[in-house]
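So, here come the structures, one by one.
In the two assemblies presented below, subunit A is common to both, partnered first by subunit B and then by subunit C.
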Partner chain A sequence: MTRSEQLKQADATLMAEIGQDQLRHKIRKTERRNFLTAFAFFAPALLLVGALLLFPVGYNIYLSFTKWKKFKGYDQFAGFSNYTKLASNHAFEDALINTSIWVGASVIFPLAIGFFFALVFRSVRGEEAFKSIIFFPKILAPTAVGVIWFYFYAPDGVLNRLISLASGGDPVDIGWLYEASTITPAIIVTFVWQTVGLVMVLTLIGLAALPRDPIEAATIDGASNWQIMRHIIVPLLLPTLLVVTILSVLAGFTVFDLLWVMGSGYPGKRSLSLVVMMYFEAFQKSSWAFASAIAVVIGMVVLAITWVQALLQHRIDRMTG
Partner chain B sequence: MSHETDIDFDAIIRAESARRPSSALRLTGAIALSLLWLLPFYYLFVTVFKSTEEYASKNPLALPSGLWPILENATAAWSSARMAAGMFNSTLYGLCGAAIAVFLAAAAACGMTRFQFRGKALWFMLIFSGMVFPFQMYLIPLFFTYNSLGILNTHGGMILFYSAICIPFPFLVLRNYMNGISREIDEAARMDGAGEWTIFLRILIPNCWGPITATFLIQFTWIWNDLIFSTVLANRESTRSIMNALQSFQSSYSVFGPNTVLTAALIASLPSIILFLILRKHFMRGLTVNTT
Partner chain C sequence: MKTLRHYTGALVAAGLAIGAGVAEADDVALFSDKGIWTEQLNEYSDAAREAMGVGLDHNAYPAADQYIAFIQSSLASGELPQMFTWWTGGLYRDIIDTGEVADLGALWDDAVASGEFDPGLREFLSVDGKVYGVPLHLSTWTAFYNKDHFETAGITSEPQTWDEFLDAAAKLKAAGITPFHATVQDGWRGFIWFQEIMIRTDPEAYAGLHTGDVAYDSEPVRNAFKIWSDWYDKGYFTDPRSREEAADFARGEGAIYLMGDWVIGQLEARGMKAGEDFSGFIMPNADVSMPSSIIVEGAPIMLSKEGAENPDVVAALKHFMSLEGANVWAAVSGNAIGNLKANSPNAVVEKINADMAERGTLALDRWWEAVPSDLQSDFAAEFAAFMLDPTMENAEEIMARMQEANAEYWADQ
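This part shows the complex of A and B:
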């Protein structure tokens, strides 16, 4: 290679590098400009969400480590004492038991009944009208639904009257919403009545999206209804069923309005669920720090459920996918 | 389609319908279930037409003897539960909160889908995470922050909060939808000298009209039905929501019988019922993607 050739090559490399540099610089500039424009579009939403939702979450976690009660202890550090206090609290224990009942019931009943309804109403004559009737309670406010059922369950209400008619006429006056043993099951019935329509519609959407071929093939091969259900429909419906289950668990775990309205005459109100207990401790007893700790516990459970859903979703996606 | 003709569809349909429970049986079951589901509504509708004495003296499921008591019930409920203020407030919160939220969510979704930049997933998660925490974690901090800012029990404070909490869901829906809209249209508009803002308002929004109205409707209904945030942040007669007014009326019912309180519940639910009757299909499809 002669000297002049070498020089020429060095020259070319240099030029290329400058070009690349300019190019890189230009790309970075466009990206920066892109980001600034995009930021202008999403900044207002981010500001509102950050200030009114994310900041309170952080603040709540902080408060749960203070001694704040009534007007004192706002700036006193309490360590984990609010959390350890939970473990020895009777109301918390009862609330935890009731909440577990809620979670268990909201896994089983909406799903089982909703699935059954989907099978009954699918392609029956007048399907749309039936579906609308079952779905209708869902569009009402839980507050209004709670008010209706509050009187439905009243000692002189509809349910007792029906029981009395069925059992031969003796008057019945059970206070369904005043007894510790009946109030939770009674409100769960209301909850199921209101939410089953949603589960049914989701299941019907899932059923409609199922591929016809495997079912037809199995029918031709002489598989029984139960076999088709067990080996084809349920596995194919698994993603839908997962979403539905998680939705109703989260709804059952955090139900507040129904409990607050229907439990308005119940003396042990605060032990109805964790969510009610949190509200009660905060806004009726002013135990701010203690209530914040309950809120953190509720938040952790909700995040755990969401996390489990993400894991299962991932597995199902891999299985089907 | 020709290759399908060698499958005997009629035979399949016949085989399938033979194995299904007969349609008459299913129809009977469907009717029975619907009637059972309608029982609480039947109770509601016979009760609002009864006077207090009539309700107390008769079977709660008996038909009313006249229709006129509903006027008295409605007037009593309307004035004693201070429903006028509640209706006005909830309409204001619902319209403003949902409109601001959906508009800001659409703008954010536009920013997330129309531009390439680094760290997009993180920014997305920040806005979306407003949807994963339970409401209980917001209550105490908001109550005290609102109190110290002096916006507790104000219309402005409530609109501000409802606007914020209604952003994440429309944001998620609109982002997915906008991802599917071709970028060629906005490229063409950009060539013609349109600014980003014009592209957003004139091209993206009209193209997303379906999901925008659907999410607006969902968020409006959510705000209308909300009880807990109104109880915590606006527990005054002048600023509380309709559901808060209804709940207060119910828990102090000693003076009024079930007939009056149930009339109040019916009045408070009328907007939802009317919306449902008009937009039934829209609702059943739209609400199915909502979480609460």
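This part shows the complex of A and C:
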């Protein structure tokens, strides 16, 4: 190769490299522009999530490791002392047990009763009237419901009078909302009364969306109602039931209004649930750091349950194709 | 278009009218949790506006916990209300500790120099030599009694000794009248009878409870619970589960009602006439050699440092302390603020003040204010739990729980 040809080849290689660099540069520029455009679109959402969710959660976690001086704010880092205090706190133990009862009850009873009502009322005469009556409590404010049921359970209230009438007229003086053994079940009954309508409506929507073919085929094949229910309706309804379960678990965890109103005369009010205890510590005792530790525990438990539910959802999605 | 302008004009006019109805331009805002006195404070405000041009715009929070949370967030944001009510005791010291409330020494210098206020009251509201509050009310905790019930039971004079007090209770019970009225309404009232039994049986131990020197499972406390439990056992108390305590007393439930004299206004509003239908006496001590004493409660009005710089706010507070202001407030609310030259708000307060002067009665801090604020609501709930199950077995569990928390608190100080 002559010197001139060598120079031409070098020029060509150089030009190719320059072209590639320019191309790479152009690609990088486009990518950067795309990223900035995308960022501009999701920045408001990021800002809102950051300011209203991530920062408060992070700050709450930080607070739970501090010692809170009343009206002055945190005055020193306290390590795990708020958490060790929680571990030895009788009220926290009771609140944890009561919350577990609430979560269990808020899933089982509304789901069972709502499902039953949905099956019964989906094809009876005057179904709309029945459905409206059962759904009606859901449109009432929980505080108003709490006040109404407080008087229902009062020592001289309707329930004791009904029991008295049923038992031959002897006066009945049960303090439903004043005794540790009766207050949680009593408020759960109120909660079920209020939420069962929503579960019924969600289940009815799920039932209406079920394909008719498999049910008709099973009927032609001579399957009994129970078999159709067990082997066709319930499996096909599982995604709906899972959504209802998630909503119920969250409702059980976060119930506050009813407990605060109906438990107003109960001395152990703060132990009625973790959320009530958190509110009590923060707003009545101004123990913000301790209340933050309770909030962290609630958050961890809810995260764990949500994770299990996500696994279940995944499995159901695979089952139902 | 004309219609739109018409409606817009009407809306603006309505808005202005509503605004004018809420507060006058020169009114100063007073924040509190005393919703029960909104009407009375509005009446006072009208009179103050007429007298000196500045009224009070009362902003009441419905519950103490919400109000405390509001003040806490106000402090955090550096916007403490210029004028607000508070409590004495632990919470008083806590808020003074923030350095955000104003020293009212200048106001008190004038008030004491004029002979209208006792230096002892200034001392009562002072921390480390500086005074930070003016009483919205200064209430003694009195044993109110239903005169008809006493007459029915054949009790001819007020109990002067512990034995006479017990004898009166027995007579009332024998006459079919429940002697004592007490409830757990609103969650905080549980301490009332515990406090009273403690100061009547062992005032030194009562004081020691608030300094951590006496344990909540010590003998003096156990003795108080025994007496309390015994009275429940004898059927001396009304149903603690009522939510209408004052109204129940006015309806004839219970013969003796231990409460701050601020409740007189509520009893009168429900048809009882102070001095005619009911009166009050200072609870006697178990040991006659002990000096006469009575619980005194004061809810102070406080100013933020910014408020103390506002001439309207200072003028409004000064007028509230004045003879004219104190007389109006006494007339509309039935509350005394400690102005020595002011009229007694009613016959019962006048009688109790006379009894106190005659006996040289000592003023004691209420348990609610004296107990460390960190323990306050938990322990009040424990007392309420005892009232719902007033057995000694329950009392032992309650004392153990209280002492555990008490020891932990004081170990941390």
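Everything below uses one rule, namely that the second predicted complex is superposed on the first by the 263 of 321 C-alpha atoms of A that agree within 3 Å, B and C clash if a C-alpha of one lies under 4 Å from a C-alpha of the other, contacts with A are read in each partner's own complex, and residues count from 1 in each chain.
Going forward, a contact is a pair of C-beta atoms (placed from the backbone, for glycine too) under 8 Å apart; a residue touches a chain by one contact, two chains touch by 3 or more.
Just so it is clear, the structure is predicted and the values come from calculations on it, not from any experiment.
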| item | value |
| --- | --- |
| Contacts of A:Ser264 with subunit B and subunit C, given as first, second, both or neither | both |
| Which superposed partner A:Ala112 touches (first subunit B, second subunit C, both, neither) | neither |
| Partner chain(s) touched by A:Phe71 [first = subunit B, second = subunit C, both, neither] | second |
| Which superposed partner A:Pro142 touches (first subunit B, second subunit C, both, neither) | first |
| Partner chain(s) touched by A:His90 [first = subunit B, second = subunit C, both, neither] | second |
| Partner contacting more residues of subunit A (subunit B vs subunit C) | B |
| Which superposed partner A:Leu14 touches (first subunit B, second subunit C, both, neither) | neither |
| Which superposed partner A:Phe283 touches (first subunit B, second subunit C, both, neither) | both |
| Touched partner set for A:Ser292, first subunit B, second subunit C, both or neither | first |
| Doubly contacted subunit A residues - partners subunit C and subunit B | 154, 264, 282-283 |
| Interfacial residue positions of subunit B with respect to subunit A in the complex | 12, 15-16, 19-20, 23, 26-27, 29-30, 33-34, 37-41, 43-44, 47, 56, 59-61, 104-105, 107-108, 110-112, 114-118, 123, 126-127, 129-130, 132-143, 145, 160-161, 163-165, 167-168, 171, 196, 200, 221, 224-225, 227-228, 231-232, 243, 246-247, 250-251, 258, 261-262, 264-266, 268-269, 272-273, 275-276, 280, 283-284, 287-288, 291-292 |
| Contact footprint of subunit C on subunit A as seen in their complex | 70-73, 90, 154-155, 175, 178-179, 264-265, 267-270, 280, 282-287 |
| Residue numbers on subunit A that touch subunit B, as the complex places them | 31, 34-35, 37-42, 44-46, 48-57, 59-60, 63, 117, 120-121, 124-126, 130-144, 146-152, 154, 156-158, 161-162, 193, 198, 201-202, 205, 216, 219-220, 224-225, 247, 250-251, 254, 256-257, 260-261, 264, 275, 278-279, 282-283, 288, 291-292, 294-296, 298-299, 302-303, 306 |
| Sites on subunit C touched by subunit A in the complex | 65-66, 68-69, 71-72, 75-76, 94-95, 97-98, 184-187, 190, 239, 241, 243, 373-374, 376-378, 381-382, 384-385, 388, 401 |
